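In the two complexes below, subunit A is the common chain; its partner is subunit B in one and subunit C in the other.
Presenting the complex of A and B:
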């Protein structure tokens, strides 16, 4: 059973990766990856020219501080959740919408392999775009002389990006398996509830994934748990659910 | 997997590997955020209480320096004497100057002493010859020639630690400096708290970081001033010069309450300064640029001395006053 699941997962992964990478939806990925790079180049040129500077609370902010802000505000608060919602919800929901899920279900493979294979394809596809983008922003924004001091936090940020993509992807993959049109709900959760909850006092923030996008042990464990539980739940849903395809 | 998919994945991995490799090279070569002072900081022992750095080359080449020279109209006191004694002209021979105030373990008491680390172009033979002609003794320590000039209370030791790098100070401090560089004693880079402050200010043309140890009296501030201020643990300052001067001062108070008190004290001083100097356009413009903020235990102050302010401070003619007082 395990061998069958792994072999089937690999087959689905290879099939889904090619489709995902060269699909129209990838324009979103390209934009998500390209915009911060463009922004970084413009900011660096502006700061290097000395024609402008960024000031927060009366303190002049240099390019590496701008890099830190880009990582936390642009990547972790916007790009990771956005990619997670758009891709995660589409992994199963699009197959149902396009009525192509029947072709997958008729294959002699465990249904759970479809979830795992598609999730891994999403994760590879998203990390292959987001991580190099963050790396380019790091190279552009941080002067060589300051890289040594920031290398550790940069590597930790990359790890958090991967875990964040995995957690958001898994949660919305589950949502996609449960609901017919999960995108609107997902967007409301990510850009509505999460944005408000993280700034609310008390414990409400802990009910969001954004709260755990940090490089500490508790957050890493939480993100891994959420990913595993959401994937397992999605596999359970797809194993037992009968999808009624509209004519 | 299709070929184009494989190519894309390899390209993505390549970009990531290149970024990490560059970061690793930077880390391996230990190029820190301390700018031009990074290599010289290796000579500062972990016992340092205060470190200050001046990018002399950057300062002397700046338009701001030219304006200051117009204001000053004379050679800084002591520069001619230093040149006569050692052959060193600070404005032309020295590129960077790092001063560290270190605690030195001497048999009788634990004393504070200053260490001067200068990078530039020095006539080593002339300087050593001059010191020897005045009774300087030469010792070898870790393969370096230490020239010590014992002159009663003022004992001074000089060593050319590497080509173009001069270390000067009391013998114990200079030996401690060479130990720190050799790795046989802890260097200031091992003090992460200190280095965090250094990284915060080291982009300036001149900067300074000081640990205020009020218990042992080891502070760069006069006790009379310190007694009027809330408890402060650290002070960091930096100044970036181009056509003007952009200053930044940060004080780390012992706790949040002390930080708020400190901010109130500084605010009071600023209000007083505005009251006294507000009529003078030069001072008013400078005071208007002051931004004060307090975040947690940290109180920060920034200010700008713009070219316009310098124009107002510069005397109108040869007979004009050197500096207008409010």
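Presenting the complex of A and C:
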């Protein structure tokens, strides 16, 4: 009799969470989340001085608009995909590369629990860093008097961030379960194909995850669907695949 | 039979890891003996369900093991590779893996403490694995294999890198395990190590089973070939002086702080080495290993027969 999927997932989650706190990638995560905060503080101080301003398409924009741009350009187009690629691809591939997967594969647990537990640990870790970072940027950039009015859309933005982290993480976890060294392919997809595809006319953009990083019902459903299908595919791969560690 | 293989083969692309092996392993302790590349590790990975057979079948406790994780309740595996979650303490790591057997936190912690005590690591259980010596790392691997009290222990080169005292303790642990009615499959490329644990041996070479049966039948053949032992010690020269007083040492040389001894009588030599280590009179002995070319000549001879 195997330990149930739920119980095994919980234990893998606990184990993986501890590992992530010590992983070298955590430094990247901290830098990725810390950079916008620093940028926001510098921008805010510069704008507050009244001697400088930000222009987009020749129009002078205020700090709220700068925050909106930071959210879409920094968080949704760069930080979320980057974290998804770097973490997602490493969740299984690192265990195989480090040859520690043996210790998990020789336990009476469904292999799918390894996928779910590691994914949940990643999501908790990533959201615990990215959401506070976005919140600090919001507080720095948006004037106090305007916060209440913008809070609703900000909360929706946070929801999109979480769904984006989940979708990118799940897709690249699946890639990590399928391929031995998936990072290069993942980076090409996110910073090559996606960046070009979203600005191309026609339907090509719909083949990207970036297209669905919006706070509307269709996008939310699509992101959830991608996450679930990618996790299911990763579980299927890991259940049936053998990982040759030596030779 | 504990493990039975029927025409079992495993290929890694075009490379054969195991070639048409038919083998039945009985209860008790069985040694897999062969040089590197003989197929020992491949057989063990097949017998622990980590690899899928390319051809043939392997059954453990009369059930298939590939894709059958419920079997892992009854099997403990100690891999050869030196791979760990380095940042974890020995206690946390072993307890976490015990938890994957369905034990609750308190039971897992208790089982981990018992396993670590059995391998002599309880006093350093709260240190990070990254700071362990090679011998300690071998022992903590052994602890994770026994933590759930399995019916079958599969140990891939478990004595590699251990100091003489821990070798003795580990050999004793394997014997005790068998005395409790459990089974062990243990691999090594050193006959002396296997012989200290069991007389039932499977000889492997180039992915095939060359011979199986009582170890004493091949003993004379192996003894006819000089046996090399590599010893890393705090004071290799003092150790050499201490060891040279008996005539079981044919020759010796130094490679840095490593003493390389050639002996025609491994039994006597290993026994004496353990006594010297226990007495501490020649300083501490950190690591003992035996290169697999000791066996290579013997196996080449056997295969030609």
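Note that in this section the second predicted complex is superposed on the first by the 242 of 247 C-alpha atoms of A that agree within 3 Å, B and C clash if a C-alpha of one lies under 4 Å from a C-alpha of the other, contacts with A are read in each partner's own complex, and residues count from 1 in each chain.
Here is the rule we go by: contacts are C-beta pairs under 8 Å (C-beta built on N, C-alpha and C of every residue); 3 or more make two chains touch, one makes a residue touch a chain.
Because the structure is a prediction, the values reported are computed rather than measured.
With both complexes brought onto subunit A, simultaneous placement of subunit B and subunit C is permitted, the two fitting side by side without a clash.
Contact with neither subunit B nor subunit C is seen for A:217 once the two complexes are overlaid on the shared chain.
Of the two partner chains placed by superposition, only subunit C is touched by A:8; subunit B is not. After overlaying the two complexes on the shared chain, residue contacts for A:18 are found with subunit B and with subunit C alike. Rounded in steps of 10, the angle subunit B-subunit A-subunit C defined by Cα centres in the superposition reads 160°. The overlay of the two complexes leaves subunit B and subunit C separated by a minimum Cα distance of 10 Å.
The interface of subunit A with subunit B overlaps its interface with subunit C at residues 14, 18, 22. Remark: subunit C residues 12, 15, 17, 41, 48-52, 67, 69-73, 75-77, 79, 81, 83-85, 87-88, 92, 96-97, 99-102, 144 touch subunit A in the complex.
Within the complex, the subunit B residues that touch subunit A are 1-2, 4-5, 8-9, 11-13, 15-16, 18-20, 22-24, 26-27, 29-33, 35, 38, 199, 203, 242, 246, 248, 250, 291-293, 295, 300-302.
By the touch criterion stated above, subunit A contacts subunit B in their complex at residues 14, 17-18, 21-22, 50, 55, 57-60, 62, 64, 124, 128-129, 131-132, 135-136, 138-139, 144-151, 154-155, 158.
By the touch rule above, subunit A contacts subunit C in their complex via residues 1-3, 7-8, 11-12, 14-15, 18-19, 22, 98-100, 102-111, 239-240, 242-247.
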